[in-house]
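These are the structures, in structure tokens.
After this come two complexes, each holding chain A, first together with chain B and then together with chain C.
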Partner chain A sequence: MSATKVAKIATHNEGRKLFSSRTATIVVWTITVLWTIPTFGLLVSSIRPKQDIFGSGWWNFFLHPHFTLSNYHAVLFGTGGSSLSGGILPYLMNSIVITIPAVVFPVVIATMAAYSLAWVRFKGSDFLFYAIFALQIVPIQMSLVPLLQLFTGGAHIGSMTIIPKLGIAGKFAGIWLPHTMFALPLAIYLLHNFISALPKDLMEAAYVDGANHFVVFRRIVLPLATPAIAAFSIFQFLWVWNDLLVALTFASGTEEVAPINVKLASLVGQWGSSWEVLCAGAFVTIALPLVVFFSLQRYFVRGLLAGSVK
Partner chain B sequence: MLISKKGRLAATGFAVLALVTTALVTVTPADAATGKCASLGTTHYAAQKGKTVTVFTSILDPELSKYQNAMKPFEACTGITVKWEGSNQFEALLPVRVKGGNAPSIAVIPQPGLIAQMVATGKAVKAPAQTLANVNKYWSAGWKGYGSVNGKFYAAPNSANMKSLVWYSPKQFAKYGYTVPTTWTGMLALADKMAAAGQTAFCGGIGSGGATGWPATDWLEEVVVRQFGAKVYADWISHKVKFSSPQIMAAMKTVADWMLNPKYVGNVSAIATTTFQSAGLGIPTGSCMMLQQASFYGAQYPAGTDVSANGDVYAFYLPGINPAVKTPVEGGGEFMLAFSSKPEVAETQNYLSSPQYAANRLAQAGSSGGWISANNGVPLSAYKNALDALSAKYLSDKQGTFVFDASDAMPAAVGAGAMWTEFTNWFASGKSIADVAAAVDSAWPAS
Partner chain C sequence: MNSFLSVNLPKFGQILSALAIFFAILAVIFYIAGKANGRKTKPIATLVLLGPALVLLFAGLVVPAFQTIFFSFKDANSVKFIGLENYTWILHDPNIHQVLINTALWIVITPFATTGLGLLLAIFLDRMKRESIPKSLLFMPMAISFVGASVIWQFVYNFAIPKQPQTGLLSAIVRRFGFTPSNWILTHPLNNFLLMIIFVWVETGFAMVILSAAIKAVPADIVEASALDGAAGWKLFRSITFPMVRSTFIVVLATMVVTSLKLFDIVRTMTGGNFGTSVIANEMYSQVFVRFDQGRGSALAVVLFIFVTPILVFNIRNIRRERSIA
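Moving on to the complex of A and B:
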């Protein structure tokens, strides 16, 4: 136990040394700048007037700075923009309503499942774990039509109803459910790996003190697994937020349920001519994921077992 | 239902913004009895308060909101809320939604092949009696045919577009005293006159990147329908009439005497390397005089070009060949297929096939145009754009012969493959008609 820990710290320090050399710093900065330029160009374009966007490249902004917020105004409130009738705020709200449950559901289920699979010994738990993990190979595209049929018609063998029709297609629940289903295999796998690596001593000490599984899960596993849960939550949040396929298939494109990406995809308009609002729309879309990422990113770098076993 | 309410609650919990959402979608239904139906003509619409009809289409904003606006008198009359949903993934999504049991009330389908595919799922429903009556009254048989599958009528036409146009410069024509021809022989006689004056009568360009050759397929299609009519045209699409048949070979000969005639076009092989976009740009200056190209070609001219009957550039109807074929027109259009037989859906179909709908939709288009209906219940004076009115005149001819693009309806190996490459060879290297026809026939899929 302590030997592996020392080894880990050693490699950690070596890695740190490698990445703090002058050459590495230059390389990292070059890549960062190169990677950011297109996004930066998008940002600059979004604050330029329409004629400027169509007339010249975004870098000309620095020679002839014409600043306007009209694109954002058009995108948010639907005024002035030729391809927008109502603005994207209702869709932004839909995105939030879709994303939060679609992150909470799989995380809650997967954390509990991962704990049971890792620490509750029962017959076939390993097999169950591998079976769940193997489900990852089912491509989402293959299951679109069957899932939609399940939602609208239920499942039947002959005239016997196995699953009644759920009637949730085109509603929020009809989007939460597929996202939850498709997140679970990876979520359980990731969290299982993390939770099963927690020190056995901790659990045993708790059991000896008379704690049952629920207490152990709530008092020991949950606090220790927070970094892993947060990391997965970020992934799942970004995945659901950026998803277009599930939303297009299971939500209708109306402003009652369609998320912002569905609207963004059609923002350029019938003749592909109003891409000045696309730049602003894209920035509105990435604003929230950025906030989420920056507020949770410390979990990515935080020491995994910090503060538990000294 | 319960879950969706929960979703709504969650939404309202988030911010004041959600209030905006609900405010936007609230529509107060009006009563049919209050006289709000007066502007909808003689068709009787029953009040269907609080009902919702969804229309799924490939049309996006800003066009989509014009459709939504055109529904307002109908919505005020009946209390039905009609929701238009546009997606640029329409062709892929519609089959998924229909097979998954989540079909829209009505889909606006631009491809006759997709209509047949949707009817084959068994989920589509036939048009209601009033819609059928409207289509019988206001559209030509060709249009009705494209909305029918196996002789049963399903989908009323929505908008239409026109390919059978020849672009020319009214100013140049006036300068040389030329008049717009109204017959095929008249058009060739005019070309002879231009050739004698040392002018290039026809511009041509079939270059279009990976789709190089498609404008040439249009030329042959125009000639086939003009020479032999809709029956041979349909049999040609199904390969009952082969490319090497006497009719199609004769039509190819007509194309050869027209667009592959060095007297009219100058350098024939240059047509294969000229892009279709740039082909007619010389028309305003008279470097070439005429170009057969669809109505959308007007957008190729730079801003400031006067596109009008006396301007720098305009178009005339590509004249017919065989007098037995009345007003041959090649074009395209969208058809409205219903997946529900509920009364509110039927009422919406009835409205969408009425001249009042077309007039209301047309009013949304304004003078910039861009929306044509083949509904002949709409007076041509309702068109604020002259070119649209010209197209509508021929598209809405009740006796007219309307056909869709044949190469689009043929198997992709031919319509988007051999036909393009072989026709390009025809122009580029002077391959003989018989060789071109044989090569295209051999590319036809076996099954």
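Moving on to the complex of A and C:
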């Protein structure tokens, strides 16, 4: 190929690239703006006075900017009327109380199981691993009713009681436990992928030095598996924080245990009277996941990619 | 404020004590089990490390799944067996027909919408110089719960009676173009599609991020070589880029099918399943917890399970094959 021809193709490509890159930029930014407008509208609404929210669309804010934080004050401290008399803070606390153990428990239990299946091998190790892996096909809906019965009534065969009633329905433990159970198949699968790929020499050197499995687990596996653990933890955090179904089923809607997402969903049903409460409440609800999203985006992506099968 | 503290401090106490008890038990068991030596070392380690997970999986998924299948052959209160009656109800009840049609629409439309749009964005992003800001903003809804997203879109779909100021964005736009807005969420079958838009809004970013990673992984020299051969634009995409990302595309598509099959939150929050918008997962919840018909609810759960299983098996196989190649 002659030099001029190469140069020609090069300029041709340059031209095509330049053009398509400009088109690409315009298309992407147009969609991005469209994608951001709804969230932006909610944010703007949440800082407008009540009568403005009812009286005109949020875009009028830019013509008549009246700014107020009273909606947030009303939502947080419960001065906003009957639909939210105690404020949303108790529910926010409940979400935190639900989420932390519901992330820590499955992560620890799954890491232990994954290490055991990968490195403390016995005849059925592989079979068990695939069986656990296959449990991902069971939708949560299949477990709701039987689990709720287990929590309220225990388990019986005939008149014989196998498991006494646990009495944890409507308590935090009654939400931590289902979240832990439902998280395990995916968590064990992901962590097993990672932990089984740790260097064999390292493990064997530790065993030769006299370390038992528990020491190896704490001193070698846990620190080395941190990236996988972090990725799964973020996925699980989002899953639990944003969950509606498990919380609706296992937490009553009360101020004592219901998470903020459940409260927000119930506020939607009473709109009209509580528009201003709704928009500020929604922002309080999505604030923490958004902070996690923007500050830990790289790990967030990893967690989502890893957890996409759930 | 004081009453607030008196209510919520004990809650934090619950976190701390739950975590403390959990780790204390683990520490004690690890310590005792670590003392074992000789032939028993390995079985004990297996029992301690694997046991908790197996017990939880057994009690939380395996046994309940069989119980639900069992319940689906019994009546509302799980008292007597009624054979396949709950399933014939699903096949013959006109309300459930609407539910099944809606679910079918969801699993056909939303996966293609999210994955297709995600692919388009991924391709265009690849050509852009500064892609990080739009990428973040497009991906952001993924961090928002479906409930939060529903509230956000309430402000778009809000409708006020004519002559009142329209505070909903959609109504205002429609009026600007000289049409009369209708009460969107009550308008069947349009409302189904409006709910799907919320799902697409949340999930497109996910499809985009995964497909974007796949496109970036296409070797640059292959693209350059075919560009030298004269392939460009659509042709380049059809003959080179798409075949290279096809398997990822199918994985994302199948993931979206499963997600939309299990979809519950948007329908529950926006309409509660009323106005002809219910889907299987929502109907299952309504049957069990609103109408207290455990038999029918369980049968719907089983239907969901039957639909989800082949897609998930297919998807997991694909993911594993891709991993083994990579």
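As a working rule, the second predicted complex is superposed on the first by the 243 of 310 C-alpha atoms of A that agree within 3 Å, B and C clash if a C-alpha of one lies under 4 Å from a C-alpha of the other, contacts with A are read in each partner's own complex, and residues count from 1 in each chain.
Everything below uses one rule, namely that a contact is a pair of C-beta atoms (placed from the backbone, for glycine too) under 8 Å apart; a residue touches a chain by one contact, two chains touch by 3 or more.
Only a predicted model underlies this, so the values are computations on that prediction, with no experimental measurement involved.
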Review point. Which partner does A:F172 reach: the first (chain B), the second (chain C), both, or neither?
Key: both
Point to revise | Which partner reaches more residues of chain A (counting touched residues only), chain B or chain C | key: C
Check your understanding: When the two structures are overlaid on chain A, which partner does A:V145 contact: first (chain B), second (chain C), both, or neither?
Key -> both
Review point. With the two structures laid over each other on chain A, which partner does A:G269 touch: chain B (first), chain C (second), both, or neither?
Key: both
Check your understanding: Taking the superposition as given, does A:G153 touch the first partner, chain B, the second, chain C, both, or neither?
Key -> first
Review point. If you stack the two complexes on chain A, which partner ends up touching A:F122: first (chain B), second (chain C), both, or neither?
Key: second
Point to revise | Contacts of A:P289 with chain B and chain C, given as first, second, both or neither | key: second
Practice item. Would you check which partner chain A:T254 touches, where first means chain B only, second means chain C only, and both and neither mean what they say? Key: first
**Study point:** Partner chain(s) touched by A:F214 [first = chain B, second = chain C, both, neither]
**Key:** second
Check your understanding: A:N94 contacts which: chain B (first), chain C (second), both, neither?
Key -> both
Exercise for review: Identify the overlap between the chain B-contacting and the chain C-contacting residues of chain A.
Suggested key: 89-90, 93-94, 96-97, 100-101, 144-145, 147, 172-173, 248-249, 265, 268-269
Review point. In their complex, what parts of chain A are in touch with chain C?
Key: 9, 13, 16-17, 20-21, 23-25, 27-29, 31-32, 35-39, 41-42, 45, 53-59, 89-90, 93-94, 96-97, 100-101, 104-105, 108-110, 112-113, 115-117, 120, 122, 128, 132-133, 135-147, 150, 172-173, 176-178, 180-182, 184-185, 188, 212-215, 217-218, 238, 241-245, 248-249, 261, 264-265, 268-269, 271, 278-279, 281-282, 285-286, 289-290, 292-294, 297, 300-301, 304-305, 308-309
Check your understanding: Which part of chain A faces chain B closely enough to touch in the complex?
Key -> 82-86, 89-90, 92-94, 96-97, 100-101, 144-145, 147-149, 151-153, 167-173, 248-249, 252-257, 262, 265-266, 268-270, 274
**Study point:** In the complex, chain B residues that touch chain A
**Key:** 1, 3-4, 6-7, 10-11, 14-15, 17-18, 20-21, 24-25, 54, 56, 59-65, 68, 83, 85-89, 93, 96-97, 99-102, 104
Point to revise | Touch list for chain C against partner chain A, complex | key: 4, 7-8, 11-12, 14-15, 18-19, 22, 26, 30-31, 33-34, 41-43, 45-46, 48-50, 52-54, 56-57, 59-65, 67-68, 71, 117, 120-121, 123-129, 131, 134, 136-148, 150-156, 165-169, 172, 201, 204, 206, 209-210, 213, 227-228, 232-233, 255, 262, 264-265, 268-270, 272, 281, 284-285, 288-289, 294, 297-298, 300-302, 304-305, 308-309, 312-313, 315-316, 319
